[in-house]
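Input: structures, listed below.
Note that chain A is present in both complexes that follow, paired respectively with chain B and with chain C.
And then the complex of A and B:
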């Protein structure tokens, strides 16, 4: 009897602690998710416009600030810094607090820093559209913005690090390795790239090389670890079983850490810089398949036998889609970066397809999974409509698949025609037409889908969600047992395992 | 405990200060090595590129190679960046192992007659000296439009076409930027070069009209004047000609020959 009531009180304390953590983080986390989703909508509108202009340059051409050469960079930068980074911040802040079992003591500071970040995105976007863009891919925001971002990044994430260091010794989760690594890599990558490109006075080709490296470093060393950390949290948590294999998880993690930092310079293959650099970049991108396989197998094996939960749980569905995209990213990265293919893909539409696959197909899908899990917990309300979630899912899946297939296929044909140096250049230019039309339609779908998401999220933030004990599922009636798994499962299982 | 459990326990345990340090150290190492090898060291090396020389036995003369380029390169390059020309245009002639643009007519260089009337091909790949004066090499993202490494040379060729409405390279470019379907030498259709009309000013013609106005744009009583940005951009574009003779040691063109 005695021990039974002991564990009862322990369970109760546990629940209390989790509730306190969630309450302390409600505003920062919801702020990041909601403003991220709003920027996502902006990025998608800009993506739609720029894609439309790529097959009809007269579209909106009377409006100077909506010129293709400005809309396209604005689209990607808003997608990365407005949506991607902010979604990542929300995930990092919440997951690290929960996994370290520490309340957040300064939500106000995080919130303020978050406002600064948003101001930076707004100023940056207007800067690009008004013709003050810097002209360096993925760093187009006017150069006054990046120090601001760095400072606000520091005040957003430093607490997660402190929480981790102050937490009771015992266990670290796989998710924590990834999130800690992301916290560690982001400032190093971001600062390096901006110092070498904007501040130091180096060789112009090397500045372009650092810029090319920055893109891939941001994908592989920030968006990838955050997405994987989230998946490594959700898969065991929702199914209530431990990660399939820890050695495999460890291997996947270090494989990413060792391979990731080399990628990127293949953009300058054949250019006037030391030849080994583009080669190493291409090789590293080919090898990303290794961590992708390790993670893919591990997560999918963790979910094996829980198919019905995968189908029913919004979080798991998005997570699976994200992990599948990561595997595809690994395969595509391998295919596109072999020396023969690189000739054709280096300057064709393919690069865009690869970036969208990484940021949207992979990272964003995993982030959506996390958001569908976290928001009901911090708002203490359940999602309103399974139909909204379903539409968001299917419109996004079809849309992203179309964008990626069109850009990559179209890009390959485009690239092959460019390489045929005896035929007229015009032939190459005409080939991509149909594919760019396809991309435009797909952005329309994705935009539509994510408007459902944004609306749903805002309703939740306004605390208009359902008051219920039962999570919103995509299928079936509500069972007695939550498909999100009992709250303390993960911890118990880890203790059992360790 | 068997070895596997010890190993797993080691991994799983929250690192005490020591193993947390090891974790961070391993991260720093796995990131720091590539960071040094592909960023810091090459950056430092390329910053102080040594001057290259023409040499007697391979080039037939003995002097330092000085890349020649003039025009408003710094401002023009910034305007080029701010208007996203690099999204659709590249500025890189790749070595032949990495791409085939050395073979594409008028991209990497031109067939010209030298002083003895012999046709030579000036095509060569891009060298590190070709971006002199710029702080960032606009290598470019996609090739929706043609590579611009040698665009200045191509435009001189277009002017020889009797149907061309422009008399000077500058005016050809102004017409092109204002509305690329106005000039004759073009394959323009809806997917051409987007209009940059925001780089121009419209003004009611007073008296004779401004000598600065772009000729060839017919609009009732209105003249089109390039803004400062447009001038800088055009001056920059006209500095894009990267087919000068370079020392044998950095020339990788297909038809390169040693001087006799």
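And then the complex of A and C:
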């Protein structure tokens, strides 16, 4: 009896600690998620415009700041730095605090640094639209922005590292490996690439190579570990089942750490670089399927036998969609980087499809899963509408599948048509017409879905969520079996009392 | 009060009835219902991993090895790896004769080069009547060839009278041009838009380039042109009907 009450008190203390951690982080985390979702909507509008212009060149052609050469880079940069990085910051900050079991002592600094980051995104986007973009893919923000981003990054994430160092020695969770790795890899990748492209006076071909490497390094060494850390947290947390296999998790992590940094330079295959650079890049992108298999098997096996929870829990549903996308990303990466396919991908729509699959299909879906889990905890309110969540999920799933299939398939035909060099280039552009129209329509769907997400998130931020002890589930009665654990104790107690 | 909160028997907390369990639960849940229903998972699974994961990984490794192998010599700078070398261009279209009069050869070649000039001077060589002077019927084109060559190579600034009208624009320098290109474009404008009937030879054009190189950089003016360059280019004239190879512009026997 005594030990039972001890464990009850322990559980109670533990719950209070978790509630305190969530409370300490409510302002920065909600700020990152809400402003990230707002930037996501902006990025999607820009993506719709740029995709529309790729099949109808007259669209908005009279508006100088909205021509294709400016809208397209603005679309990708806002997607990456406005939405992707900010969603990642929110996830890292919250997950590291929870996993290290430390309250955040300086939410104000994180919040201030977050505002600076947002200012950077705004200034960068306007800079691109006003014609001051740098013209280097994914680094198009005017070059004054990147040092600002690095400083702001330091003040956002250094506390997570301190929390990890100060946590009680003992268990380090799989999720923590990935998050900690992402914390170190981001500044390494970001600083190295920007120094070689903007500061050092190296050979311009090499700068183009570093630029190509930067895109893949950002995907595989920042967005991927954050998404995987979130999934490795959510899958066991929601199902209540431990991660399927620790050795497999270890294998998957180190495979990513070893393979990830090599990918990217295949963009320059056939260019005047030492041959090994593009071909090692292509081989490494093929090899990404190995960590994808390890993680995919591990997470899916963790969820096996909990199918009803996967269906009902918004977090798990988005997570499983993200993990499936990671497996598809690995398979597509293998297909596109074989020598026969590689030359079709370098100057066609295919590369765009691959990047969108990585950033949206994989990272963003995992991030949505995390956000649907975290927001009710930090706001102490439940999501308002299961319909909003359902619409967000299905519109995004169908939209992303369409964008990726259209861009990759259309891109391959496009690339093959460009190889027919004794017919006019316009013929190649005509071949991709139907696919670009499909992409535009799909961006419209995704935009529509993510507007529901933005609205829902803003309502939650305004603390207008449901005041309830029952989570918002996508299926089943609110009072039925919950994937988030038993929750009808209170009802039973009330009945007993009455 | 303090006494009443104390359990009657500390080993039997369930006998203590001074606090309402329902109230405590409600308070607890109001603070963190979401936190309260979370599951705690502290351990990590050690399930055996299927061999198929490693077999699949080995297959991926083989594919990656094949990709790396396609790179050939990895530390070479050979810009023509597998799949990146073009076969010789064979056009289906009839490209016409490869041997003909030198006038035809130069005019044909000059037409392609003139594409750059047509933006201002128009595809028919009539200018725009306002800012850009016409080439058709212009003494500057049909007159001394050295003057025309220096306008093309250096560009022109300041007013110029063409066909009784003064144009005051700026023409950018068109150099660098090779001697053959300069000869071709000059022959084209003199014979396509005008009816001069002679050709500018590659040798004459090469002499024009020498003059251009000895002159300081910068756009030329009408005054300088008329003072220094109002003469025909040095070099032996060639009969416009001489049969040449279109590729090399060297004399060739007719087929």
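Everything below uses one rule, namely that the second predicted complex is superposed on the first by the 479 of 498 C-alpha atoms of A that agree within 3 Å, B and C clash if a C-alpha of one lies under 4 Å from a C-alpha of the other, contacts with A are read in each partner's own complex, and residues count from 1 in each chain.
Throughout what follows, contacts are C-beta pairs under 8 Å (C-beta built on N, C-alpha and C of every residue); 3 or more make two chains touch, one makes a residue touch a chain.
If you're wondering where the values come from, they're calculated on a predicted model, not measured in any experiment.
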item: Room on chain A for both chain B and chain C (clash or fit); value: clash
item: First, second, both or neither for A:191, with chain B first and chain C second; value: neither
item: Which of chain B and chain C A:16 touches, first, second, both or neither; value: second
item: First (chain B), second (chain C), both or neither touched by A:67; value: first
item: Partner chain in contact with A:282 - chain B first, chain C second, else both or neither; value: second
item: Contacts of A:351 with chain B and chain C, given as first, second, both or neither; value: first
item: Chain B versus chain C as contact partner of A:258, first or second or both or neither; value: first
item: Touch count on chain A, higher of chain B and chain C; value: B
item: First, second, both or neither for A:181, with chain B first and chain C second; value: first
item: Which of chain B and chain C A:271 touches, first, second, both or neither; value: both
item: Touched partner set for A:204, first chain B, second chain C, both or neither; value: first
item: Selected from 62-70, 80-88 or 116-124: the stretch of chain B that, after superposition, runs into chain C; value: 116-124
item: Touching both chain B and chain C, residues of chain A; value: 171, 246-247, 269-274, 278, 280, 339, 342-343, 421-422, 494, 497
item: Chain A partner contacts - residues on chain B that touch it in the complex; value: 7-9, 11-16, 20, 23-24, 26-27, 30-31, 34-35, 38-39, 42-43, 45-47, 49, 77-78, 80-88, 90, 92, 94-95, 97-101, 103-104, 125-128, 130-131, 134-146, 187, 190-198, 229
item: Complex contact set, residues of chain C against chain A; value: 11-14, 21-22, 25-26, 28-29, 31-50, 53, 56-57, 60-61, 63-68, 70-84, 86, 89-92
item: For the chain A and chain B complex, residues of the former touching the latter; value: 53-58, 61-62, 64-65, 67-70, 72-73, 131-137, 165, 167-172, 177, 180-181, 184-185, 188, 192, 196-197, 200-213, 221, 246-247, 250, 254, 257-258, 261-262, 265, 267-274, 277-278, 280-281, 339, 342-343, 346-349, 351-352, 418-422, 425-426, 428-430, 432-433, 494, 497-498
item: Complex contact set, residues of chain A against chain C; value: 1-2, 5, 11-12, 14-16, 18-19, 22, 171, 173-174, 236-249, 269-276, 278-280, 282-284, 286-287, 289-290, 293-294, 297, 301-302, 334, 337-340, 342-343, 376-377, 380, 382, 421-422, 468-469, 471, 482, 484-487, 489-490, 493-494, 497
